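Note sheet for the following structure.
Note that the chains take the letters A, B, C and D in the order they are written out, and that residue 1 is the start of every chain.
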Amino acid sequence: MQAILDRIAKTIGASTERGQVATYIPDLAQVDPNQFGIAVCLANGQEYFAGDARTPFSIQSVSKVFAVALALGKVGDGLWRYVGREPSGLAFDSIMLLERERGIPRNPFINAGAIVTTDTYLAGSTPAEALGGLLRFVRDAAEDNDIHINDAVARGEMDTADRNFALAHYMKSHGNLSQDAQHTMGTYCHQCAIDMSCLQLARAGRFLMGGAAGPRLVTPERARRIQALMMTCGHYDGSGDFAFRVGLPGKSGVGGGILVINPGVASIAVWSPGLNAYGNSKLGTEAMEALAQELDWSVFS
Amino acid sequence: MQAILDRIAKTIGASTERGQVATYIPDLAQVDPNQFGIAVCLANGQEYFAGDARTPFSIQSVSKVFAVALALGKVGDGLWRYVGREPSGLAFDSIMLLERERGIPRNPFINAGAIVTTDTYLAGSTPAEALGGLLRFVRDAAEDNDIHINDAVARGEMDTADRNFALAHYMKSHGNLSQDAQHTMGTYCHQCAIDMSCLQLARAGRFLMGGAAGPRLVTPERARRIQALMMTCGHYDGSGDFAFRVGLPGKSGVGGGILVINPGVASIAVWSPGLNAYGNSKLGTEAMEALAQELDWSVFS
Amino acid sequence: MQAILDRIAKTIGASTERGQVATYIPDLAQVDPNQFGIAVCLANGQEYFAGDARTPFSIQSVSKVFAVALALGKVGDGLWRYVGREPSGLAFDSIMLLERERGIPRNPFINAGAIVTTDTYLAGSTPAEALGGLLRFVRDAAEDNDIHINDAVARGEMDTADRNFALAHYMKSHGNLSQDAQHTMGTYCHQCAIDMSCLQLARAGRFLMGGAAGPRLVTPERARRIQALMMTCGHYDGSGDFAFRVGLPGKSGVGGGILVINPGVASIAVWSPGLNAYGNSKLGTEAMEALAQELDWSVFS
Amino acid sequence: MQAILDRIAKTIGASTERGQVATYIPDLAQVDPNQFGIAVCLANGQEYFAGDARTPFSIQSVSKVFAVALALGKVGDGLWRYVGREPSGLAFDSIMLLERERGIPRNPFINAGAIVTTDTYLAGSTPAEALGGLLRFVRDAAEDNDIHINDAVARGEMDTADRNFALAHYMKSHGNLSQDAQHTMGTYCHQCAIDMSCLQLARAGRFLMGGAAGPRLVTPERARRIQALMMTCGHYDGSGDFAFRVGLPGKSGVGGGILVINPGVASIAVWSPGLNAYGNSKLGTEAMEALAQELDWSVFS
């Protein structure tokens, strides 16, 4: 396994066509595109990593996985009153379907759905308490207290969050936001600004994979269901393509990170800042495709 | 296993809330809604079935699985020039995204995409030859020559195919149909009108599951990829819900049949004519959910 | 003329089917639906009115006519870089086309377009100055200084403006708003909250009709162009219907007011709080249809 | 007037930027783009023309004006059960709104609406009878029997009508077409293929303008209403722009012709084959704008 990761880091990780780094937040725009990290936590407890696997990066939308687990922990299936479970077929920040479906977003992994998810775990708490609870969940999952929210990124997020504010206000206008839009958006932007390394992220993903390694934070049934959402909705309008090429459930973020689960076998995190046309890490996707092919990993075999 | 199937047939199969039988084709509208069948072919060659598992029904859109395998066999990845691999997020016969995406349908399992798939395996043949090839594929997969196209259903299909004709002409207008629309639609309507029983369908699905049982008609990689499409796109705008509740790749048809694969383990066919709001078999979905739960079957565990 | 207005006030104004009063702002929801006023200012200077023609009401979107005149006065045809001149075909607060057209609203008379118009005349001023300029324009047009902004309505507007905030933030995210969204929306909500009576509104509309009466605030060409916008876009997705039935350019507001111009002949204001399905005054539309028919008024004859 | 027309033909008619000739029908693609004609019939009976005003061209969608008059003559306001009266805000052949509005097209001047209009006047007749009735109406309007359908163009139309067939089948699937789609489309394609010169077309438009000249084929009210449709919907998604720039109701066709009415004053036809981005005659629009400005013609003054 170590040899495989080393080879992937050396070949794919050094590719000259690296995609485009997200530019809308100053702190993200300045990230060095020539970075690549990968880490694998096996169900038997073994860990492997290569490249910049210990460098923290902004996990951005990968945080939606932890947020949905937290919200389900709080309200259970009540969450599905506010958000659907279907792929959207459109871009991550599209507002069209929201009009069509009267303010109920398609799934918790597009921006609108994640904002509702945040709104759900925020209800009844202050933003500080809610974010404290989220960080605690992530730290418990990773068994690592050195995981933090990057305030500069969170502020940059807020300053450029007009599209997300539009989504939040739109849902609010349909009565599908319990908190003030400003309030929910502040929490959401901080949620997106969690910094983690590949190794931390792979460890934090173990609660989904089953097996002996890592803490047990959700029931097996809930873990399966979250993976189902990752498979059908985890890569925005590139979800079908990822399922087709990689065959494993994953969730990407515009920081260039992807968390992928091979159920019962492994939790994998890969990171490279450059993005493809769907807004998913270009080299990260290619690395996952290579890894899955090399190891014959697929939920469909 | 036999006991479980018997129990499911007895309880779920006898439910009083059976959904609505598709009414748009006279021959389908007359089907007795009080039927229910289920069949399981294990990878080790064992077969189990219960209820009306030997009664032939119109497989309708389940045929899209065989059609896409046939088209991939003919043109390989060239198919993806004409059709995408992403969930559509909209109803099976929606024409909206087709306008947005200039005549390229989202995936081969919504009607527009299936029409393009038919058009692809039809190219260079007469409809009779093309349909002969499709039937041969299905018969080989099921190892059963007693599988036929129901001409009355095919004709009824043609008579009520205005929505599908609209899709075909629309794609033709964007240059995404190689044959005459009338020509392709005739073949498509016959493709949908294949009659099979649950037992035949479960057997025909074995080429996707891997393992020793059944013929080997596609490479393991292609089988995985077709399952990925089934997982993300197999139940129209209820695909996410099926993945969430059942956790296995499947493909449904408006005749009330569903083909489901548990990779490396089983090929399952279930049938009950009444449909839920998404156009998928109501009791079939419930039966699959129960079966998967009972046996702890899920690709995500 | 007086006899005709009296008759219309007596018959249509007393109709029992009065539509639904807008409920989203508390101050509007409490308006007595049993009110009806109509006022006509002829190009020769004569004035006629009937019913509650001297009762002030919230002109709401009718203010968009004055706002567009003000913005055109400030930046001329530069306004059309930020907003189009085409009917939208959708509801007044739809966000769909805005996604399709990358933040450029269809026309200045739907909400998104009016927000951009406000943003344009606001640029370089404080909201107080900008609103002062707008009020001055309206007062000059009506030759009446007793026209004011209703602060309670403006505040209620702000409190329930989530849909409009969504539009503003969405346009901002596309770079089509020069001011902060909060800033522009504050001004926009006050603009909508101008109170006027039918008589005041009919007088204020004279600057569009041409002829000797009233002040000359825009060139004849600009007056014609504003009327063209009113004809094609003045009643949201009921614009075609109003043109078809009444045949005169008009602009409605959810307060139940409509300003209508018969070019070279008259400026007409009608008011009744109950709305039809398009969000236009039900009795107001009926009264205008009756008046136009009675007097054989139509730009198409 | 003659001097003005001569000057327009000499300057605008000789412009080097002439737009793009429609290419989808072979016979239209071969039309010499360097042609320009204009004709004016005044309400007092005087006629003026310049350029290629006696050269026949394919009137294409301008025929929709005569078709709607014919259909209204046959079923009266019953027509509005099958088609709306609102601008569509989208391209002439868009199918999106048709899905949204369940098969009821927005107005009779976009393709879908015109197909329904044809379907309406066709009901109960053979296509030959129906087309005979339409030709008779046009010939009566122009007081000229030398007006014919161009069979080569009609056939070319049919051969390339996939988009329109898609619209027809889509409406049929919603029950909004009384005839077989093939049947209605055949009639529709012949309707579009009427050949007329500018002079013939201007004469044929007199039934809408009122005044002493020309035959009286519809009531004044119906003439006004058809003009209202022309004003709000006559130039597809460029209707608002035409109203803004020209201020007169008009109807364009992809053959490059435009029929424009100045109510009570004139019927004008202009023709130049090159089209602008909306699919309306580029020089025709410019010529109408110049003519209206020169003569101070506008319904809004």
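Criterion: a contact is a pair of C-beta atoms (placed from the backbone, for glycine too) under 8 Å apart; a residue touches a chain by one contact, two chains touch by 3 or more.
Chain labels with UniProt names: A, B, C, D = Glutaminase.
Fair warning: this is a prediction, and the values are worked out from it, not measured in the lab.
Q: Touching both chain B (Glutaminase) and chain D (Glutaminase), which chains are there?
A: Neighbours common to chain B (Glutaminase) and chain D (Glutaminase) are absent.
Q: Hey, what chains does chain A (Glutaminase) share as contacts with chain B (Glutaminase)?
A: Neighbours common to chain A (Glutaminase) and chain B (Glutaminase) are absent.
Q: With centres defined as the mean of C-alpha atoms, identify the chain lying farthest from chain D (Glutaminase).
A: A
Q: Superimpose the Cα trace of chain A (Glutaminase) on the Cα trace of chain D (Glutaminase), which carries the same sequence, then give the rotation angle to the nearest 5°.
A: Result for this pair is 180 degrees.
Q: Same or different for chain C (Glutaminase) and chain D (Glutaminase), where same means more than half of the interface numbers show up on both copies?
A: same
Q: Return the distance between the CA-based centres of chain B (Glutaminase) and chain C (Glutaminase), expressed in whole Å.
A: So the centroids are 54 Å from each other.
Q: Mind checking the centre-to-centre distance between chain C (Glutaminase) and chain D (Glutaminase)? Centres are C-alpha means, answer in whole Å.
A: Computed from C-alpha means, the inter-chain centre distance equals 32 Å.
Q: At what distance in angstrom does the C-alpha mean of chain C (Glutaminase) lie from that of chain A (Glutaminase)?
A: Computed from C-alpha means, the inter-chain centre distance equals 46 Å.
Q: I need the residues of chain D (Glutaminase) touching at least two other chains; which ones are they?
A: In chain D (Glutaminase), no residue touches two or more other chains.
Q: Let me make sure I understand the interfaces: which chain pairs count as touching?
A: All chain pairs meeting the touch criterion are A-B, A-C, B-D, C-D.
Q: Could you pull out which chain B (Glutaminase) residues touch chain D (Glutaminase) in their complex?
A: My answer: residues 94-96, 98-100, 162-163, 165-170, 172-173, 181.
Q: List the residues on chain A (Glutaminase) that touch chain B (Glutaminase) in their complex, please.
A: 84-90, 97, 106-107, 210, 220, 223-225, 227-229, 231-233, 237-241, 243-244, 247, 249, 261, 263-264, 298-301
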